[in-house]
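The letters A, B, C and D name the chains in turn, as written, and every chain counts its residues from 1.
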Amino acid sequence: MTDPRILKVRPGPEDYAWTFGGAPPVARIAPGTVLDLYTEDCFAGRVRSEYTEDCFAGRVRSEKDLVSVVCEFPFLNPQTGPFHIEGAEPGDTVAVHFVSVEPARDWAASTTVPLFGALTSTHATATLQPPLPERVWIWQLDRTRRTALFRARDSDLELELPLDPMHGTVGVAPSNLEVRSALVPDAHGGNMDTPEMRAGVTCYLGVNVEGALLSLGDGHARQGEGETCGVAVECAMNTVVIVDLLKDVATPWPRLESDTHLISTGSARPLEDAFRISQLDLVQWLVRDYGFGELDAYQFATQAVESPVANVCDTNYTCVAKLRKEWLPARQPHRGLHARLRETARTLRL
Amino acid sequence: MTDPRILKVRPGPEDYAWTFGGAPPVARIAPGTVLDLYTEDCFAGRVRSEYTEDCFAGRVRSEKDLVSVVCEFPFLNPQTGPFHIEGAEPGDTVAVHFVSVEPARDWAASTTVPLFGALTSTHATATLQPPLPERVWIWQLDRTRRTALFRARDSDLELELPLDPMHGTVGVAPSNLEVRSALVPDAHGGNMDTPEMRAGVTCYLGVNVEGALLSLGDGHARQGEGETCGVAVECAMNTVVIVDLLKDVATPWPRLESDTHLISTGSARPLEDAFRISQLDLVQWLVRDYGFGELDAYQFATQAVESPVANVCDTNYTCVAKLRKEWLPARQPHRGLHARLRETARTLRL
Amino acid sequence: MTDPRILKVRPGPEDYAWTFGGAPPVARIAPGTVLDLYTEDCFAGRVRSEYTEDCFAGRVRSEKDLVSVVCEFPFLNPQTGPFHIEGAEPGDTVAVHFVSVEPARDWAASTTVPLFGALTSTHATATLQPPLPERVWIWQLDRTRRTALFRARDSDLELELPLDPMHGTVGVAPSNLEVRSALVPDAHGGNMDTPEMRAGVTCYLGVNVEGALLSLGDGHARQGEGETCGVAVECAMNTVVIVDLLKDVATPWPRLESDTHLISTGSARPLEDAFRISQLDLVQWLVRDYGFGELDAYQFATQAVESPVANVCDTNYTCVAKLRKEWLPARQPHRGLHARLRETARTLRL
Amino acid sequence: MTDPRILKVRPGPEDYAWTFGGAPPVARIAPGTVLDLYTEDCFAGRVRSEYTEDCFAGRVRSEKDLVSVVCEFPFLNPQTGPFHIEGAEPGDTVAVHFVSVEPARDWAASTTVPLFGALTSTHATATLQPPLPERVWIWQLDRTRRTALFRARDSDLELELPLDPMHGTVGVAPSNLEVRSALVPDAHGGNMDTPEMRAGVTCYLGVNVEGALLSLGDGHARQGEGETCGVAVECAMNTVVIVDLLKDVATPWPRLESDTHLISTGSARPLEDAFRISQLDLVQWLVRDYGFGELDAYQFATQAVESPVANVCDTNYTCVAKLRKEWLPARQPHRGLHARLRETARTLRL
């Protein structure tokens, strides 16, 4: 029997959102709600005529399915949601605790996309060179052994990597009356593409509009740091999250918290600005919640921080700044919410 | 009794180099030589008149020693070397295996420096704002417990971090007839400031001039990724390296190899260019030494790479791209040199 | 008697738009319509309660009116419009010919804004430094002598500059289902802040949604290239434009045409990407309309182009690439529309 | 009869410098010396064996002479000099007044260079794409009509542009004990590639080493702003300069002064940092020499500045910030030196 505390959401093809902001909520939920969600992969997209659920979902499912042929801008990166969180107002913070993130299929797809990615010129880093060849890799997922199998296209090479499922895109409606494509990461979250967004972490997002309008998608069976070619091991997901609300706590840029780390993010171009935002946010976190003076926090973070790149391919680049909690004084950041959600998660019957 | 294979080098105040290229070699060594080196901290510097060895070494040794007062540009970041490696010619690669990197003192210093660092405007990111306050932190090192003690300046906070000794600066003479300050990281290595440069790794540097002219310095008792405030836990070091030579192997950008990882680096501005260089180098490494096709390597690295930032404060920023060897086919990159040097290191009587 | 071909639009306080996309059209117009518009200055903004038209318009009207006090985000940079252009569809191009741009008041305002501008850290180029002081300058405009008078705040210095009225913001609804703040420049136009947008030029904008949804605002009595402090000599304007439509002509990035120049623009970060976009667009313009091969166009433009910076303060930076028509073969780009609109403008009774 | 005040310098193939700093002076000159110089084009280069003066000079002289074949790194961009200026010491400023800059041949060459230029990936903006095709254009110069003739390679198009001769490279030995390639622009000047460096202007360069060690080269028959493809209309030059010295005047970044404009420069990456440096320098110029308060100067320059890009292809990018003198109070910046040198130039018998 399903846990009665859990709201199960299985969107139909018409139910996905393609933007943060600008889409009507699919449900209103109370803080504390557990959502059992299905998210489609980033290639799933609306087909205007004669579509069926099947063709919605499976746009890139073989090595022959080139993105430039089977996908239609802007109907890329479908988001499950948005959810209107009751009581959420600008100045508050939404917390999304990831209870589990599990691949919904036994395969995943990755590709090159013309003029997209870090090791190619793009529409912004514009050159006269032709794009790289378009190519698809289908990865086999072994959900028992927790592996993803890479099969080379130009040789017989086969290599296994560990599964490390995550969501590339988690966000709320943006500020400034804006509506942003689901492909964009910014202060509202969105397409940050950090592998830190995995089961066990809590993501904090500042609320910009009434109800927050939370949505998520873009599951990755795994992803390297930087998402270099622009596309991870893209996979539909079954994901359980607990959504909660911190009243009167502002969160200018998305933060994550795990059992072991405080994690700040920043999204901007050039990449050093994303780095600056994430590091300054971490410094301010130490000041607000851990009793540091500002320059002391700057000094301490300088020596202690881990700074993995998240993405260097999207419309903004994203950097992460991580600090081990065990090196810090014992405190309860964000009113101890992560620990409480972690505890709640343990009690769920999934 | 000292191992007769080891050349011990203890530079006097006049013996340090302030540049890569342009300084006469302090010794000629054969490939395979083990160097037992002393390196001064980055604040040590030449004083033109009446100096003594003591004041050379100890420019920042208390909270009162502000860099802007006690240090004199360009006499910062002294390098031990350069060493002329016999037989090294352009087109070859020098290998520097770090056997041990040990703090030479029981304290280390860090500071803010006016208009230097990631969270301040600088001489390049020029603004009308005044610089941040100048402040010094003296860290106590416990070499038995392997910890560094942070004492806050604005509160009573005291926190311990693990020692993780490394060298911020390792390089050879640059190409193009240039001489570069020891504060600069670029294709010749130099001031890359990556915490990956620790005991147990082998650093590969492409040779640009006859004899290579290797030097190193800038020891850090530990450093976060990005060296956010511009200054790590700066410390004099006793360091043992084995220097070797790979004839007819080109290394366009510095590479590191550990028992567990292949590690490429790139140094440039903006930071995304440093990222691009390091990731492309890793892709090309997979192609050259692991039998990947180029697009297959791009895809595989995208899903497997770790991408920590090294520094976002120096004249070029540095990014690192790391890949776990266990996920790759079993091969011997760089002719298996790392494994051999590791073995040699085990036999040394230090 | 007013020219019957002219549609006069004088918006009330409720009639302005704060975004590109997402706002309902204020009027539907046929291609060829002449619009006689009033635009408010960038500081004008909605006040939720008890507002009067007067306080809407005059938020910064003396040296005491600090932006951080009198303005309310996101109600900044009000746009007159949007106008639904009949027949405009994605893949078409809207042409906006500026017949006249005249200051509507005899004064204009400029300011520093905390953490905004090129010579300060910002929310993206984030540092620990405090913001620059906030200060207002009121410029007196002499519309007869065509001058703007600068009065220094810290001395008795008074200097005159020539009036050179322009619009900082001209754009259409963006692509990808997005709604963007009127403060943003991007491929849809928007807040490009180039002084080239003056009387006598035609601005070409690619259509992304049915009806295009054109709006404009942000008049500047004059502006230097780069809008260094982030704020020009901001002024309400009386502006006459002719709006026309080029069916089946795509315009990926905004272009301008004057009697003397072809002008391409690009908006991105870092600034070199804005440069690349604008230069590539100019190369492609030479290829499409002037019979150049691509590499020939690259070579010719390299030697002939003028490349003034437009803004280095907004959420994207904007670069301009200009080429003298007299140096090119005689052709009629964009179907000769600029010349025809210029002729029509001469026949208007304003 | 030649003016006895003039020192004529016609370097032999062995006499050129390839770096700023690190090359012995070719002559010692007193402040006030007039130099009548010959400079080779950027493609001229040393050939180690069997070279003759002829082959030194003419590496790219037909459409068949590809840079990658006929040129040898680092022997590119030869500089005439360096000149040791008697009495020049760190903290002083060297002034170089360009009396005349005249093409020494009736042809000039331009090319694409693999992985160099703004509209291609490069060694820093590294991608997996192949380089653009390598192509040479030979421009015919008509020194009577003052035109340069472009002949398209892919069509019959022939177009004339005005001659506007200039020097891409002017600089002194750098600071910090460095030696920089003649291809690098930085605070010491060098390869700034701004078309502002033409006859009639005075260039001010801060002195870093005793004697300053001034050299110049890289003549361009003309160049667009940004030097988009990386190569201008490259030409040997006969150039007359007056070299003078301002004792105890510091010039952190190169400045130019013409009869009409104050001109600041900045060279850095990303391009916005070059912009920031140049604009801040202009603001500081107004403060030091024109009696502005700092924020007043920021405001005034914002509204008055012209900001053409100089180069977006070299190892640092260069921006220019220009202000019309007629808009400023009447002052004599740099002790009125430009006006005096202009007067001296008029009296020369060339």
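As a convention for this text, a contact is a pair of C-beta atoms (placed from the backbone, for glycine too) under 8 Å apart; a residue touches a chain by one contact, two chains touch by 3 or more.
Nothing here was measured: the structure is a model prediction, and the numbers come from that model.
Note: the chain lying farthest from subunit B is C, by mean C-alpha position. Between the chain pairs B-D and B-C, more C-beta pairs are in contact across B-D. Per-chain Cα centroids separate subunit B from subunit D by 35 Å.
Note on chain placement: the centre of subunit B and the centre of subunit C lie 49 Å apart, centres being C-alpha means. Touching of two or more other chains is recorded for residues 119, 125-128, 132, 269-270, 276, 280, 283, 295, 298 of subunit D. Looking at the complex, you find that subunit C touches subunit B at residues 119-121, 125-132, 270. On the subunit B side of its complex with subunit A, the touching residues are 110, 112, 118-119, 132-133, 135, 137, 139, 148, 150, 152-155, 157, 159-161, 222-233, 269-272, 275-276, 279-280, 283, 291-293, 295-296, 298-309, 312, 317, 319, 321, 327-329. Contact residues of subunit D toward subunit B in the complex are 18-19, 21-22, 73-74, 123-128, 175-181, 183, 266, 268-270, 273, 276-277, 280, 283, 294-295, 298.
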